[in-house]
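In the two complexes that follow, chain A is the common piece, with chain B as its partner first and chain C second.
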Partner chain A sequence: MKQVASVELAHVVKRYGDVIAVNDLSLVIGEGEFFSLLGPSGCGKTTTLRLIGGLETPDSGEVYISGEVVNDRPPYERSSNIVFQNYALFPHLTVNDNIAFGLRLKSRRTPEPEVKKLVAQALELVHLEDFGARRPIQLSGGQQQRVALARALILRPKVLLLDEPLGALDRKLRKAMQKELRRIQQEVNITFVYVTHDQEEAMSMSDRVAVMRNGDFEQIGSPQEIFQSPQTRFTADFMGACNIYSGRVIAADAGEVGCASAGTVQIETETGFTVMSRNNLELSSGAATSFSI
Partner chain B sequence: MKVMDVYRLRKSLLRFFRNHPAFGIGAALSPSAFWLLIFTLIPMGIVIYYSFLTRGPWGTVINEFTLDSYRLILDPLFLKIFARSVKLAVLTVVICLLAGYMIAYWIAFYGGKRKNFLLFLVILPFWTSYLVRIYAWIALLSDHGLVNNFLIKIQLIDEPLPLLHNEFAVLVGLVYTYLPFMILPLYASLERLDRSVLEAASDLGATARERFFQVTLPLTKGGMLSGSVLVFAPALGEYLIPELLGGAKAMMIGKFIALKFIGLRHWPLGSTYSLMLLLMTLILLYLYMRVGGGKEAFQEQR
Partner chain C sequence: MNQTSPRLLFIGCVFLFVFMYAPLLVVIVFSLTPTEYGVSWEGFTLKWYQAVFDNKNIQAALKVSLMVTIPSVLIATAIGTITAFTLYRSKFIGRALFQGVLYIPLIMPDLVIGISLLLFYTSLNLELGILTILMAHVSFTIPLTTLVIIARMQRIDRNLEDAAMDLGADEWTTMRKVTLPLLKPGILAAALLAFPWSFNDFVITFFVSGVGSSTLPIRVYSMIRLGVSPIINALGTLIVVLPLILVVLGLLLERRRMG
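What follows is the complex of A and B.
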């Protein structure tokens, strides 16, 4: 698979006083990928996004966007845009002017007829054609979220960073917006880095998911990989597995090296059962392990 | 009037309005409306009443209706002094806005843990008498005051500069006195400003400058407007500062009105000029709010 690195983190560390919010993260996200950061509250998801977007500078390590180190570039010089969890719309501007904000700045200096055209297109994209003249305060939460999305998307960033953008919505609207986001992402083919603490959401939308814990990655992989073969107990737990057993490997058959099929292991649980399991980890006889059914 | 009496008065007023729904304002007679009535509307009514009375001999007031006082409102001296007062008050507002914005911005964004201490410093002058503080400016600005002595010492000037008893001295006194009234509402609106909105502006490509003029400034318009009103209204009617620092050449409207009451002993005329001052202040503030989009700015600050 040919993949150009869109976002790359290399041994990034971020501390707030004594708290290590992000601890030695390394990560490569390909161009056009829908990449989710999944993890419990306080694990460093927002901090990771802010590091990519330039709202925080790493204490050590490098952040790359499209192959360039951007550590010392302020947010306004980065080709990434953030959709904030609380939307952060400009309350003094109409929906139209909110969306046009980036286009009208000196660095872009878009001619006004062009701005009008692009804003109309962006409104159409998020199905808010009739809301252009309103103020943010006159919109519902879901509508505000879509304005925030349009405001970022209109600038065609190389990377769009979304921080729990559906967190405040009810289940139905959430489902609809998930679909819509996925559609938009495929339509405009921008790299999405999507923060959520809802595993179902991450599973249903992403190309790849990174499970985070205490500022570090537990596991990175496709939704299937993470769901079907979580590599740690934490991941399994977080994926919603409800029957996790601890045990010891009593026999391992690694299978033929290079063979597509995974080997099998025999595990004796603490309660005395013996189970056979297909296994793609390199477990050797005697190793402690946990598994779920 | 004892507290109980006030309480009973309020109760009976409430009962009156309940029993007479024809007086539609009955429903509006909330506690706040009651205090407004006691401390604002009734004294104002007395001033209006006096302005229509006749002046008796030796400064007495005769309870007899006349429009005599109103025939004198276009007195050229009144208009001249009023114009000077407006000029000084507007200059005060402009200088306080510029200086106050910088101070409030600095405290709100860079104050860190010292914010409360810095705010305390802003209101510290209120702890001593305003009179004493104005006198202190005389010691600073007079011909042999600190400022002139210093400038002569470093040989920047040979002769003392005329710093006192002119409009400059009044302006210094006004800015000094009313600056905290500008800083506090500005600080409040800057403090309330949602930081993530500023981050969003940077993220969308705004430089620090663009962000300030397109986001920070419009979103603190409410603070700027209320600070301006808090400074403009008392600065316009200021009595003591021009009296002490201005002398005869820099008389302001407050002193002019006081002279009608105390010097001329003409209470109806003094009342009339007071009302004129109030009216013009209201008109000027109304225009200011209209131009500044005051109503909207206040709504957005929710």
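What follows is the complex of A and C.
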């Protein structure tokens, strides 16, 4: 049985004038997967989410949701929701009405008692039980962020696109919300595409992580792969390996052909040390390389 | 130096206010005394106000004025809202040019607008009267309302409309539930500014009004031509003070409604 991908991008390009925000991006995310996007500021994370959510249309390439091309489908006809980086709460509505906004639309026709119940649940989920009657302007940044989270979660979308959804929270609350998010995600089997600056968060929550750079992926893999064997210097750098060495391979053993376990490699650094490592990259003798410890 | 600067500023402010409001004060004071000619206080009276209310010509002119101003404010605010939406949302070619052209009437002399509207209406064989005044008022009020509403619109966070659409609202619902409510203060401000803008207009109205269709400012002008009477003082006071009272009342009501 072949599983249909929940979200798929195929050679997607998005330009803003001269700026190429997303450059030939391809990606397959499975159903119910927790997929994290990591990368420096301005590398195109928000743009990627907006492309999936339908708030931007790609200049070229295809966006698929549940196996269907959705390029021409407006955001309100896509089964995805975004938790915006800057919250984007409606200032003229109370917290309750913000959270109920999606449920009350004609397209969903939720009966009012049901709306009330779900909103109360959502408020409880984000620990804001007593704040329903307030306006967004009367909330702190972290509280606003949790309202934004509740507003998207309450709709139980197939795909939830989260743009640094916990960035404004203190460590303790963040840990608690991480747990809640992971629980909801597994319970309802929502696909999460999760942008974060916090590597620890990405590592502890994600099924897979993608490191982005200048609108393209540098590396995609499980947290272990990304962290333990970064494929490029950029990834290693970004993952916080502060000690990166360049050197030359002085002896290489490619390992057994067709065998998953790699051979070993011996590298001499510019400063004269010699290091042994697993030969993941199939390096051969004499090649220039860099590594981190 | 540091001591004198604020004091100088304060004195400057006082001068400014005297300069602006002293003439108005003179009008109010002399509307309350029976002196018919000259400038002396001869006791308190309300007879000029009585005269204003008894004056059939003034009543007729006020009626014309309201018949022109109320619809023209409503129409200009509605069209201004739609124009602002169109200019701000869509990206058609020549949009910047269109927006620039829209503002020209704001700096064009009333005299030129009046003459050109007069020529235009007569070349269309329209009979000068309330209809032509109304049309003129709508056309010179639209730039004002559009400008005010666009200014407000530029301050709306685009992300909010994106969020509404993302949550499932189509374009129409988004406009109704998010954009318009956020724009409401701007629309209200536009209408509030448009009211005196239209009500007080003299020059343009002068050109496009026919016989027997005088608005209040035109009536006042023709009364002055027959000699300045303290009735004018009373009328002027009413025109300044009544809207002020209305606005203050409105603000108080709004405050009470907000709790």
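Everything that follows uses one rule, which is that the second predicted complex is superposed on the first by the 276 of 293 C-alpha atoms of A that agree within 3 Å, B and C clash if a C-alpha of one lies under 4 Å from a C-alpha of the other, contacts with A are read in each partner's own complex, and residues count from 1 in each chain.
Note that in this section a contact is a pair of C-beta atoms (placed from the backbone, for glycine too) under 8 Å apart; a residue touches a chain by one contact, two chains touch by 3 or more.
This is a predicted model, so every value here is computed, not measured.
For the composite obtained by superposing both complexes on chain A, the positions of chain B and chain C are in clash.
In the superposition on chain A, contact of A:Pro165 is made with neither chain B nor chain C. Applying the stated contact rule after C-alpha superposition, one finds that A:Tyr76 touches each of chain B and chain C. Applying the stated contact rule after C-alpha superposition, one finds that A:Pro230 touches neither chain B nor chain C. Once the two complexes are overlaid on the shared chain, A:Gly215 sits clear of chain B and of chain C alike.
In the superposition on chain A, A:Pro58 makes contact with neither chain B nor chain C. Once the two complexes are laid over each other on the shared chain, residue contacts for A:Ile137 go to chain B alone; chain C is not touched. Contacts of A:Phe84 after superposition: both chain B and chain C are touched.
Once both structures are placed on chain A, chain A residues 53-55, 74-76, 80-82, 84, 86, 88-92, 101-102, 105-108, 151-152, 155 are touched by chain B and, in the other complex, by chain C. If you check the complex, the residues on chain C that touch chain A are 157, 159-160, 162-171, 173, 177-178, 181-182.
If you check the complex, the residues on chain A that touch chain C are 50, 53-55, 74-76, 80-82, 84, 86, 88-92, 101-102, 105-108, 151-152, 155.
Contact residues on chain B toward chain A in their complex (touch as defined above): 194, 196-197, 199-207, 210, 214-215, 218-219, 221, 300, 302. Those residues of chain A that touch chain B in the shared complex are 53-55, 74-76, 80-82, 84, 86, 88-92, 101-102, 105-108, 137, 151-152, 155.
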